[in-house]
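Presented below are the structures under discussion, each in the form of structure tokens.
Both complexes below contain subunit A, partnered by subunit B and then by subunit C.
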Partner chain A sequence: MSTSLKSFLLHVFVLCLLAVLYFVVSEYHSGNLARILVMAVYAMGYNVLFGYTGLLSLGHALFFASGMYGLGLSIEHLGLSAAPALVVGFISAFIVAAVIGFLALRTSGVAFMIVTLMFAQAGYLTILLAGKYTRGDEGFVIQQGDRVIAGIDLSQADNRYFAALLLFGVCFLFIAWLVQTRFGKTLVAIRENPERARMLGYDIQRHKLLAVIISGTLAGAAGAAYALLFGYAGATFSTVQYSIYPLLWVLLGGAGTTIGPLIGTVFMTYLIDISSEYTSAYMLIAGLALILLTLFAPHGFAGLIRKKLFSWLP
Partner chain B sequence: MATVTLLSAKGLSKNYAGLKAVSNVDFELPQGQVRALIGPNGAGKTTFVGMLSGRIESSEGSVVFDGRDITALPAHKRMAMGMAYTFQITSVFSNLSVHENVALAARRVINDGRAAVNECVARVLEKVNLTDRATQIAGDLSYGHQRLLEIGMGLAQSPRLFILDEPTQGLAESEIDDFIELIAELSQQTTILLIEHNMDVVMRTAHYITVLNFGEVLANGTPDDIRANEAVQAAYLGTK
Partner chain C sequence: MEFGPYLFIASLEGAITAAVLALTAVGLSIVFGIMRVVNVAHGEFFMLGAVIAWWITSLVGGHPAYGFVAALIIAPILVGILAIVCDHLVLRRINYDPERTIVATIGLLYVIQQTTLMTFGPEARPVEAPFNKRIALPWFEHTEQGFALTWPWGLSTTTYKLAVIGAAVFILILLWVLMTRTKFGLIMRATQLDSEMAQAHGIPVNRVYAMVFGLGAGLAALGAVLIVPIQQAHYLMGGDPLLLSFIVVIIGGLGSVVGTIVAALFIGMSDGIISVFFSPTLAKIIATLAVAFVLVFRPQGLFGKPER
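And now, the complex of A and B:
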């Protein structure tokens, strides 16, 4: 069996498994999973830039928030219905990613981290300053009546789950395809050895910019979907914390693997969920898990699987 | 036969904070030639070649490739015009397979699909004798094999000008013989600019030699001319 066929089957299997899970697990867990699927889209977007291109951004919350507010504000203030508002969310994230990418890519390494962090902070403060429209930290609720696409009420648990799965599935397969293309492989080359890639004749600046745009747009798609499916937009989602989360998910799950972001998001969410039942110091446990993983599986779960079991893992 | 100039440089200079690494070099490379660039350590060879390939920005002067002034072009555009470059210090994608290393080079040039790329990779690996190692991770290869891989990555681009910065550095004697053979074969199809310290390699491969010393051209000539040139002997070869 060829590698690309194996990879395709793996991705389809994961999607089928997620579809079946809805009917198997309790309502509490399927609610959790819907949230995880949306956040996994965020993590997958982050992974395009961090895992595949080797650029560490500390400002992805800005892209997530761009999608979230693109959708939320256009419903709240422009009276758009859900479907066009979703498109506005995607486009907002796309534009913000293009502008930030263009500016931030004039730097590299640590400077890139700091510049993206600062842009995201500026974005957060802008949301607070525009409190008249965004309602700042408090945020605003998107009414159930506004969360309907083609007659499907996305506030219902089953619709919500399968809408989240649909978005996840599209992004999951898109990335699985992307990393097999010439473009995707060039991103890996840039991550591995940018100078060599440049001297092979690749325009690495253009590739990096496209990677930021794809990554940011996916993050924004997650943000818009989150607001739509869970009916809330708030400034918390643009804080530094939300820039760090996808980094942790991707690190835990396996940077530069298509399946890693999902694994990392599931693991981290449930680790916090379960440990918070026992102690209020649940972040301590999350921290410990991170340290252990970095020590014993520096390439994350999927990286470990790739190294020990299936070298073909995409 | 009229010779066509593939690459030329005029008054090319590089200053590093007042230090002239390369100063006012005129250079002309006809199509099809194997040119060796020699000179003592610190003569400015790598800097000079860096300015030709676009890795290093020149302070003054101009570079013309294939009839077009490329002085202002970034490196990747020069490569896209038909240059290939191998680094003095081996630079491969050490976490990727040997196959993928060459495929990355081939893919930039070949646009018609996976099969064509794989076919090109197979041909190149055959030529540099790495077919058996195609699935190995490049970083696990011996130093000599990594150098061959780098040359393979150059070949995969079917360059019109192939710039090699000290390709035989660190190779064993037997590997050097293979390398000389490879250069002879390549010179049928492409123009080669070679920075080389090993005089045996230079004398056996080069049609023509340019000697740099203190950032300036000390001499130009055929291997025999250079061998007989007293200034070169004094500066570089050591008087016999």
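And now, the complex of A and C:
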């Protein structure tokens, strides 16, 4: 079997497994899984930039929140229906990503991390400052009547799960395809050795900017989908913590692998879910995971699998 | 109150912010300058300083000044030792790689913060100031009889607040003496200039790094002990000092101690003044955007030589 066929079968298998899981697990877990699928889209978006292009952003919550508030505010204040509001969410994330990418990519390394962190922090504070419209930390609920696309009520558990799975599936296959293209391979080349990629004649600034835009738009799509499926938009989603989460998920699952973000999101969400039953200090787990991963397993789960078992893992 | 006295009181509050900020930010700055790493857990060392100060003052009986003096000495030392342990267990093992250090110190941030939540609890707890006499401040007013000294209602400060400013200045002078007039300072500066060359001349670079990391954390803790009688100890109090220190260190030029102090004065004062007259949130938005744009448009100027 050729590698690309194996990889295609793997992706289809994962999607079928996720579809079957809905009918097997309890209602509590399927609700959790719907949330995880949306967050995995966020992680996959992050992975395009961090895992494949090698740019570590500490401000992705800004893109997530752009999608979330693009959708939420246009429903709440412009009276749009769900489908056009979703498009507004995507477009606002796209625009924010393009602007931030254009500015932040003038820097590199540690400066890039701080600049993205600062822009995201400014975004969070702006959401608080505009509390009249966004209701700040408290956030606002999107009414059930506004969460209907083409007659399908997305607040119903089954519709919600399969809507999340559809979004996840599209993004999953898109990234699996993207990283096989010339463009995707160039991103990896930039990650491995930017100087050499430039010497070979690639316009690395343009590639990096496109990577930020793709990454940011996917993060925004996850944010918009989250607001639509779970009916809530709040400033918490734009805090630093929500910029750290995708980094953690991707590191844990395996940076630069298509399946890593999903593994990391599932694992971390359940770890935090279980530990929060015992203590309110559940972020302790996240902190320990970050330290241990940097020290002992910088390539995550999927990285280990790729190294020990299947070298073809995409 | 009229505008003049109001501005006066705002700048006084700003000066206190600036004094404590200068200590915290100088800690972050020497760590970056000498070790070339960004310590995201710096705000948590600040928080630990305040929490340990509360703990010590609650253990020591008698006049509040005894407990406070004990806290002023013990808290920075304990925090410094903890930082040295962190350096030894984590940072050294990843070879101070800039990007991995940031991820690891984010992890440290959560570990320290959440451990404090589990042990110290979510409440804000006060520490009594060693002395706290309210003093009314005079104001010059132009009346029909010419200039006169008046004591407008509400224009007052406390002796402790003034002492904080004095203490911060004193500690910064001590630090300057340490950096420029002692052998340890010489070794630190040598390591900052060229760590490989320093190693080749027999300077134990790893031990210097550990000491510097401890010193930086200790300075943050010291700032926190000074501010805690005004602000109360809380497990989330590290966020703002971290953000403000970042801003100060970047605007002042990463690694430059003098630049950091000047920037701390500027940011602390303007933060105090903007917060009083406008909204504190707006003040922070302006400051964070300023940092982002400084880094975007003058990266080399503020980071020293361009990377790679």
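Assume the second predicted complex is superposed on the first by the 297 of 314 C-alpha atoms of A that agree within 3 Å, B and C clash if a C-alpha of one lies under 4 Å from a C-alpha of the other, contacts with A are read in each partner's own complex, and residues count from 1 in each chain.
Criterion: contacts are C-beta pairs under 8 Å (C-beta built on N, C-alpha and C of every residue); 3 or more make two chains touch, one makes a residue touch a chain.
Nothing here was measured: the structure is a model prediction, and the numbers come from that model.
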Partner chain in contact with A:Glu27 - subunit B first, subunit C second, else both or neither: neither
First, second, both or neither for A:Ala197, with subunit B first and subunit C second: first
Which partner, subunit B or subunit C, touches more subunit A residues: C
First (subunit B), second (subunit C), both or neither touched by A:Asp137: neither
Touching partner for A:Val188 - first (subunit B), second (subunit C), both, neither: first
Partner chain in contact with A:Phe119 - subunit B first, subunit C second, else both or neither: second
A:Asp273 touches, of subunit B and subunit C: first, second, both or neither? neither
First (subunit B), second (subunit C), both or neither touched by A:Ala111: second
Residues of subunit A that lie at the interface with subunit B and also at the interface with subunit C: none
Subunit B contact footprint on subunit A (complex, rising order): 182, 185-186, 188-189, 192-193, 195-204
In the complex with subunit A, residue positions of subunit C that touch it: 38, 90, 93-94, 98-100, 102-104, 106-115, 117-118, 122, 243, 246, 250, 279, 281-282, 284-285, 288-289, 291-293, 295-297, 299, 303, 307
Touch list for subunit B against partner subunit A, complex: 53, 55, 74-77, 79-80, 85, 87, 91-96, 100, 103-105, 107-109, 153, 157
Touching residues (chain side subunit A, partner subunit C) in the complex: 56, 58, 103-104, 106-111, 113-115, 118-119, 121-122, 125-126, 128-129, 244, 247, 251, 279-284, 286-295, 298
